[in-house]
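Here come two complexes built around chain A, the first alongside chain B, the second alongside chain C.
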Partner chain A sequence: MGVWDHVIAGVLAVFQSDPILGVPITVLMVLTGFLLGITVGATPGLAGPMAMAISLPILISIFGYSNDALLPVLGFLIGIMKGATIGGAVPAILFNTPGTPDAYMTTLDGYPMAQKGEARHALRVAHFSSASGDTFSDIVLVLCAPFLAILVESYLDLPEKTALLILSLAFIASVIGNSVGKGLISMGLGLLAAMVATGEDFYPRLTLGQPALAQGIPVAAAILGVLILGEVFKALEDIHRDGQSSSTTQVGQRESKNGPFRLRKLLPYIGRSAVIGTCIGALPGVGSTLAATLGYTSAKRRYSKSKEPNAPGFGQGAPEGIAATEAANSSVSGANLIPVLSLGIPGNAAAVFLILAMDSIGGFNPGPSVFQLGGGISDDALNPEMVMAFGIFTTMFVANGLNWTIGGVFMRSVGVMARIPKERLLPIVLLLTLTAIYVQETSMVAVWITLFFGFVGYFMRRIDMSPLPFVIAFILGGNLEATARQAFAATGADPFFLFNNPIALAFIILAIGVVIFSMRKPAE
Partner chain B sequence: MKNTLKATATAALLSVVAATSSFADGHAWAPEGPIKMMIAFAAGGGADTHARLIAEDIEASLGWEMIPEQVTGKGGVNALVALKDMPTDGSAIALVVTESLGYNAAAAKGAGIAPSDFTGLTTTAGFQMGVVAKADKGWTSFDDMIAAAKEGELRFGTMSPKLSDLAFLLGEAQGVEFNIVQVRGGRAVMDGVQAGDMDLGFMAGIQGKGVASGDLVNLASALSVPLKQTPDAPTFADLGVQFSADGYFVFVAPAGMDPAARDAITAAIAEATNSGKAAGMINKAFGGAVNIQGAELDALLQSDFDAAGQLMEAVQ
Partner chain C sequence: MRNGFSADRWLALIVLAFALLVIFVWAPMDTDTGIVERVRRKFVIGDALGPTVAGAVIAIGALLLLLRPGTDRALSHENLLWIVALCALFAIALWLMRYAGPVALAWSESGYRPLRATAPWHYIGFLLGGTVLVGGLTGLAKRKLSIRDFAIGFAASLVIALMYDLPFDDLILPPNGDV
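== the complex of A and B ==
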């Protein structure tokens, strides 16, 4: 069976899933997720990963663990991921409050435009750029992920794979957050948590004799604790400290004066930012906020050279500024699935939840084996994982289609979300998270563990340590240990397996190099 | 006082109901609530799939509510530890392999489990455990592979400590040394062999399609009997190894289970493995259902547990 058979089967898997109200369930889930994503993105204080985290256990309890559950659940999560990025621009433009961190740069030109009465125009620019960047990034994903996976599988042996994982972790720890040292500590803690009760031995290690830990720390409990509860605790404390929630809900002037929509002027900015965002997205650990910043600054440089004399400058309401930011932050979402699908390495919080979904439901193990022809069995069999991968691609394009068609309309109606006060919102998030954990694990122990990791996440934020390296290391820890053990065994118990062949050695040197290089940077 | 009376009356009424219903069970036992089915293997693999199909078949034919749930890790020991203290009324069962109660229970001393802690229900299928390599290695027989192993070290993929021991003994008997790479699950061995990370490995039935299409080769049977698919391949006994990887998927319940429940659930599972969707899958993946039950199963589990010590000594 050739590649095209898999593509067709993947597309069919989406469109021929059980219909509900005449719509295939997977498509319906993408739509629901997408609308929820825009709403959540438009709500300051909520972010896409938060909504993904809370929906995942609930979705699993609805759809179960069967193979049929994978595409609807992943479709929903992908919908949220894509919706949240464009939703984030709405309050940024209307109220000068970014709905998601990566929309901060959008406020710089979006809000001035809204003040000038061009809010509608600004939203249109944001939507068009966002949808273009997103589509571009997805096309790159579909073209690159399979080839990268095949390259990895044919050139990398077990020692090299171990070295590649070490390199990814080193890279992630170095580039996330402001301090390499804190990044490394965060990563180390994640690896430590991943070590509890795992390994090959029959005796559960590091459990302090606690039977509750004998099966290891529940993955969802640790991740939701650190990422969601930590954020909630920190935000609650901020509100408490500031007295009232900082009511930044200034109402922009929303006269529907329609500025000229000059596509030809915007396209070069969108194109450049889409390329920047896609490249950034393909690197694990560097998120959409950096992509937005880079896209914006590079566009600013270009704009200052070529701008018409009486056009508004960057920061004064230039549509090009919005276009550059939104195209860059949206084009991250497709490309960040390249390392997920081809290597099994999550690059950011959204990817973490996609991997978590694949792990929990089962039947799909992201990594090089996904794109093996012949299903690893024989040449005339479909590889179910590859079909699933193309099914995932299809859901992404369905989400894009929705984005182009109804995204813009829906986006204009969610501005009201920015007025929900945080002190009402956060307790709801807290309750939903704990409920979701209980639904999935059905044990109080899991709830206590979640709360424990919530405080871990809170303290990490207090000392300005990014929790993301923790989470990514926690997810990759088991994989790293297993690959390292296998590499050690396969090389006939050679303790220097990481240094004995050129590719592995190069990866290790790069890993050390990236840490040293990042440590030096702030001093300059 | 009034409350106590009420409580006593309710209790009395309930016990009458319970008594009558258990009397009725003499004919046809049925669970009072859902049956929790713990599966000791990762979701999506062959073991998991056949367990879930069995659950579906039972729900369809008997109307019992089955709740499959993954309790993975430590080669089935985690599931057994979780099952051990569950109620004995048939509301909790687990799918493990005979090896979980044999070698793995014996090796996991800290877990404190032994066959006597459980009631065996029935096996569902045996492993067609072969030593398998990719056809494009150019080996058509076991001897070709050994000749290659003498030229340079080969990587031998396994999926459990017991199989790693067996691979070691096989190398010892044949005068070669394998680099034994232990991974999680038969699917991982197959992926490793396909991708070239390993040169050969144990596969317990998953190789069937590949062998049929000529992409994979069964070099030897790791069983005490020849493989159904490749009867000409030598068995471990032929190759000088006195132990074998004979094993089965087996459903167990906690010790001291109500005999009526044991009989009813055993019959339900056995029925499902021989008809319906589960049977089709078992035929394809494991070469047909094998239902060892009752005293015969008890003896099998105990002897596996006892034999584990000998194997562990042999590799010392």
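== the complex of A and C ==
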């Protein structure tokens, strides 16, 4: 079976899934996820990964652990991921409050435009740029991920794969946050947590004799604790300290007038930011906030050279500023699946939850083997994982289609979400998260473990240590150890297997190099 | 920022001590195989290597932090008080969640266990604990407890309970899997 057979099978897996009210269930789930994502993105204090985390146990309860569950569940999560990015622009423009951190730069020009009565125009620019960046990024994903995976599978053996995992972790620890040292500590703690009760021996290692830990640390409990609860604890404390949640200054859409939509002027900014965002998104650990910042800064330089005399400058309500930011942050969402699907390495929090979903449901192991024709068995056989990968690509394009058609209309109607006070919303999110954990694990011990990791996440945020290296190392720790064990055995117990092979050695030198190079950047 | 020995350097020293503890005490004592083992005349990686490598990564991070401190953010007394308040609230709310049902049915002959899947008994713990958790957290954040916040907490707990309980027969609400 050739590549096109897999592509067609993947597309059919989406459009021929069981229909509900005449609509294939996977398409329906993408639509629901997308609308929920826009709503969540438009709610300051909530974010896409938060909604993905809470939804996952509920989705697994509905769809179970069969292979048929994978595409509807992933479709829903991908819908949230894409919707949240576009939704984040709504409160940024209307209320001067970014719905998601990556929409901060949108406030700089979006809110001044809204104050001038051009809120509707600003929202249209944001939507068009976001949808364009998103589509571009998805096309790059489809073109790059299979080739990267084939390259990895063809040229990299076990020692090189071990070295590649080490390089990825070193890169993530070095580029996230302001301190390489803290990044490495966070990563080391994640590796340590991954080692609890997961060895090959019958004795459950590192459990301190606690029977509750004998099965290992529940993955969902640790990840939701660090990423969701840690953020909730910190946000509530900020409100406690400041007296109230950040006030919003509404600019009514009623007052707004439609400005001219000068597409030709916007396109160069959108194009450049889409490329920046896609490149950033393809690198593990570098998030959409940096993409938005780089896109905005790059556009500002260009704009200062070509600006018309009467046009507003950046920061004073220039549509080009919104276009550059939104195209950049939206183009991260497709590209961040390149390392996920081709290497099995999650690059950001949203990708973590996609991998968690794949891991929980089973039947799909993201990594280089996904794109092997015949699944490594026979050239005549369909590789079910490759079919699933093209099914995932299809759900992304379905989400894109929804973004272009109904995204703009829907995003203009969710401005009201910014009025919900965080101090009321976040405790409910916390209860929902703990309930989701209990439903999955059926044990109060899991709830306590989640709370423990929530405090770990809180402390990390307070001392300015990013929790993302912890989470990614926790997910990859088992894989790294298993690959290293196999590589050691395959090389005849060669203790220098990481240094005897030129590609592996190059990866290790790069890993050390990226740490040293990152040490040189000034602390902010 | 603080004068003298900075917060980041203290953090680095504490983390370094923890890493050394992992490498030299915890990993050797709490694993059954060494770093490398000989199995059937072949050398294989033992269970202690992973934790040792994790400890080494933590130690390297601590040393780098010691050499080059970052933004130097330290935990304040307010942060610690906030954590104590959260711990107290979670202890009360989860105690109520766990024991409210059994206490409410202590008078009956059968007790709570046979009724843990029967409405309305199986909602008691979750609703009471959830109400206290949501209302208490909102109150903590606002520095003011109000009946309205507890009412919102009750409504939210009820909606969450019904959302899980009504459509799915096989899902168990807290704490009914433990009693």
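The rule is short, and it goes like this: the second predicted complex is superposed on the first by the 516 of 524 C-alpha atoms of A that agree within 3 Å, B and C clash if a C-alpha of one lies under 4 Å from a C-alpha of the other, contacts with A are read in each partner's own complex, and residues count from 1 in each chain.
To be clear about the criterion, a contact is a pair of C-beta atoms (placed from the backbone, for glycine too) under 8 Å apart; a residue touches a chain by one contact, two chains touch by 3 or more.
Just so we're clear, the structure is a prediction, and the values are computed from it rather than from any experiment.
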Touching A:Q215 in the superposition: chain B (first), chain C (second), both, neither? first
When the two structures are overlaid on chain A, which partner does A:E153 contact: first (chain B), second (chain C), both, or neither? first
Contact-wise, after the overlay, does A:L189 reach chain B, chain C, both or neither (first, second, both, neither)? second
Residue contacts with chain A in the superposition, chain B compared against chain C: C
Under the stated touch criterion, which partner chain does A:N178 make contact with: chain B (first), chain C (second), both, or neither? second
Answer with first, second, both or neither: which of chain B and chain C does A:N310 touch in the superposed model? neither
Looking at the overlay, does A:G362 come into contact with chain B only (first), chain C only (second), both, or neither? first
Scan A:Y203 for contacts with chain B and chain C and give back first, second, both or neither. both
Intersection of chain A residues contacting chain B with those contacting chain C? 198, 200, 202-203, 485, 489, 493
Can you tell me which positions in chain A touch chain C when the two form their complex? 58, 61-62, 173, 177-189, 191-192, 194-195, 198-203, 205-208, 233, 236-237, 239-241, 243-244, 423-424, 426-428, 430-432, 434-435, 438-439, 442-444, 447-448, 451, 455, 458-459, 462-464, 477, 481, 484-485, 488-489, 493, 495, 515, 519, 523-524
In their shared complex, at which residues does chain A touch chain B? 65-67, 153, 157-158, 197-198, 200, 202-204, 214-216, 361-364, 368-369, 372, 374, 376-381, 482, 485-486, 489-493
Please give the residue numbers of chain C that touch chain A in the complex, ascending. 7-8, 11-12, 15, 19, 22, 26-27, 30-33, 36, 42-51, 53-71, 73-75, 78-79, 82-83, 86, 90, 94, 98, 126, 130, 133-135, 137-138, 140-143, 149, 152-153, 156-157, 160, 163-164, 167-168, 170-175, 177-178
Which chain B residues qualify as touching chain A in the complex? 42-44, 48, 52, 68, 70-71, 73-75, 77-78, 81, 104, 107-111, 153, 155, 161, 177, 179-184, 190-192, 194-198, 206, 209-210, 212-215
